[in-house]
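Chain lettering (A, B, C and D) follows the sequence in which the chains are written, and residue indices restart at 1 in each chain.
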């Protein structure tokens, strides 16, 4: 009953097998190998456009390196108050950017909306150089509340941002889950909707450690190789990344993995919907569920071996509060989640007696 | 005939197999898994002492993170003028340390000697806070000229450094090759010889991407988890590192791999010794050879498929200069180097006619 | 009618004269002179305690250097959403601290209250090292809304902060105005109320360029000399600072200057109180007034030569909004404000006809 | 007998008087005042060209801010091994540039020569992004050995630098002394000789605290206002700087001050030349003398009240070494040095008996 995070599973069979194949023989180091070249071509096909791509091992590195290409150290990055870059990556954005600042636009944990951006732009201080100026917008797709921005929502936010001279970053740690959820093309919610740079995460969706920083706006990638090297993210046996992405992209493997994770979450949501002792905070749109339940039930489940995390109550939407003895928890499914996980979990809730 | 770098081979069979085993099932992320725990225990056994260990994916990250724990941003790190941290890791040491400075002690490419340190200490400026003070010494084992510091040499340098209040870092990207060369215990040239923190590289010696930052002086590791996280080097599926180290350490696999690489280099050196058109710049002590040959010979070898790099002439020892049409090159052997590589390489030199 | 800022006046006569006296003759550079020594003693007397003091030229430098001594780059600083360090000092706090983060606790522009801190502490994430931890609280006295924290308010906030392991910083750019307002001793709202480090500004209150960073908690000052030097804030002819502070502190000159500024603000407030076309947003507690008036009135005043700034509407307290054609402005008085300034300003408002 | 440094004197009468005049009345803060505007115009006249100028309080800030506009954090700055930016400004260049690196070209303490640059360029490693690339050259005029680069020497170095894509910075802490020494126009050794950005120091030559960063290559100044603000170097009562520069530049006051200092040094040099117990290490070209004398003589002079500093023996030119009981010292004259200082100093040497 592992619902703690989609990074608690290993890698998918196909990803691993490609890695094994790539291990044979000698090749150039530092990404100058045929596997990285092939993965780059596969990503161009995936997105249907020209792009610059760079591979790194972690989402934090991918996000921070990407953002550091968008802003100067005296500029700011607009984001959601519950974004991963703000709450879960230490002060990595500041470190990589040389001290640029994240500016959260709203505390409410649904999606960023155009009105949040508009409100911000209406109140911008012109006091240069005293007040730092916004130069980037970062949105997360699938976001931290498990919600998926529609194509139109991404496009609206991007247009607003561009109109005010900001670049647009998308944290795509669960990009595949969003594409599976929307049944759209990867291009539709990325470059076609105005995203300048996307951090495409394969790790949470079946790879071992493989993130791609993808510049659709290629002017912005100019210094990436220097930033990656000096932050220690240029690995010597670069085929490690190339191979994983080849295996992940081949024959829409990524989509199968994402669909599986999403469908397991939906299956869980559908069953929990029928339980009176569980409240679902946001609709299940990808592979995450956010639940309110009693402390006793939560402890009982964990005692039985279920893994999931308590979630910060500050992330609850306006109007939703915890009653005494209630807890707010997050459940995540992955490509490796099985029916047995779900059945056992639901059975335990169904049969729970205080 | 791949002698370009020991990172041009993949991973050894045993390392890969352990990785495959570790891939199965769910486990906690961020290094809180049983594989990392087991690898940590194995490293304690390897060194025969208590220690703090942290895994990262690259040597640059390992070195820079380690150094950032030793100095304040207004202090300096003493090193060799040809050290990897100075010449081959961009400005990563500055980035991670917040702007501390590397101070190279000598241009001559042999080893750092106690007289270099003594000369430095004799001329230290007391002009605090104007002049930055030295707070760390970094030595490379096996070093950038393929030379191995003896146990006594390490101990002498460490004692001198400690006597002046400096911490001692060892860049052990080729630590295994040094141990194999000296036929000593890993402890002998690390903590027993005064090393405070060692970056132990497995990547160049048969792993895929696995470096361990090992604090023998555990007081210095206090902030490492923060530094690793905010630099994006805490990977989510941490078993990737744990598994590689388990496979690498098991049954002295690391030593077999290092011995193989060293013996192939020695085999090459022995044969080249007999050739009049090749000059060996330093004695072969581990898995690297530094040669002077004619440009024509060099080009002929590369045309035939041999891989090796030209090396900076500034690294030549005092008194050694290139004649016209001569080049200075480096050859590296690895766990994957075969007799065929060596035989073909030597045959082509033997049969080379201008 | 200069009400733009208290930095639009020059220096007071007494400050200047001390500077002239100090200019004579030779003395040691870099603050190792008798003037700085004497100013340091005067500050110990001023606060009635032992302390470490360092002089710099600007409030931004003073604040950022102080804060950089309180937090690690992966930690955070709690502050008010309208604090000067957040809104008016570019990304200086991030620059000096190596990337630590400011976390604003409330948007409402009155004072920070203990409930804001308590709410924060109740929702602290334990996810180390993912989520950055708070390590400092910064409060502004007099604050950005012209409000003065009482002795009890400072003590309550400090105690709460200390109880949670945070250090307390006070931005005292208008500290003298606060002391004059409260008619307390400088010690009462600084070290006796729990402040660890105070940036005491003389510039806004009659000096030319003189800020003192004062560590009551002297353990925290350990690295200040290095931080000051490497940020270029150690001036060579240090007597410039020593002399200004001597002149400023002598015979309670600072208090006379602050009282004058405060009384002029009060005089203005009292008159404006009687005008129906002016709304005072916060009570006048020191030397700043925050007014809502019609755009037409505001423009008419500026046309007549009055200087004042529009203030961000986001700083308005909850429940206060601007009607159409209204503006929100700030007026600041200084030691140099005269009755003529005030009379003319009030007359023009009194006689204003749309 | 104050020969410790030219920053041990106060400000000249004319500089102070201009400051007093500027103190009267209200004006805009942050350099938006008429005094700064007038100083800017005066500097354009001084150099006979268009330029961008920014005022700061210290030479370290001026140098580091200037350099931070020339290089990216992964690039390097070439300099002399005994340059002030390397040895006497802590790690300020690294701090301001976000971690760029200083690369000293020669240990010999005379001037940088074109052969040093040529040797560097011949051995540049093409290993991007591993090896950092040079992007700036910094030369000091008058330099740290009291030597003055001729117009031709500056032009030759600049041309070489530009030919290799480097920008040229001149540390002009003693620029006025160099101009006085060469009897040239300020333009001749700055922009006409290829200097892109000059840090023009008035402090050491009669101001209180006034340094100007002057961009002849105005494209490079783009982000200066942000860098100055976020490093706390934008002072609020900016007239402090404007006034000093106006007073310093008016009626060639700067030149009178510099000529005085230089002539006093020459007077000292001429007399010392006749003494057998004093060895002058470099010729006296501006306002600094470098002497070798016996420890006993040095101590006797200091006991008698003479101020001067021992200088690092590593700065001695090749071939010059200290005998036992000898010391290497530096003497600096200033606008305030009197004949009495010199006569007394020389008399004491003349009459010294062991």
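Methods note: a residue touches a chain if its C-beta (ideal position, glycine included) is under 8 Å from a C-beta of that chain, and two chains touch if they have at least 3 such contacts.
It should be emphasised that the depicted structure is a prediction, and the values quoted were computed from it without experimental measurement.
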Could you tell me which chain lies farthest from chain C when each chain's centre is the average position of its Cα atoms? B
Consider the two chain pairs B-C and C-D; indicate the one with the greater count of contacting C-beta pairs. C-D
Between chain B and chain D, what is the separation of their C-alpha centroids in Å? 41
When the C-alpha atoms of chain B and chain C are each averaged to a single point, how far apart are the two points in Å? 52
Averaging only over C-alpha atoms, locate the centres of chain C and chain D and give their separation in whole Å. 35
Where chain A touches two or more other chains at once, by residue number: 73-74, 89-91, 95, 98-99, 129-130, 226, 229-230, 234
For the complex, which residues does chain A have touching chain B? 2, 4-5, 7-11, 16, 20, 22-29, 56-62, 64-65, 89-92, 95-96, 203-204, 208-209, 226, 229-237, 239-240, 307, 336
With touch defined as at the start, can you tell me which chain B residues reach chain C in the complex? 72-74, 98-99, 128-130, 223, 225-230, 234
Interface with chain C, chain A side, in the complex: residues 73-76, 87-91, 94-95, 98-102, 123, 125, 127, 129-132, 312-314
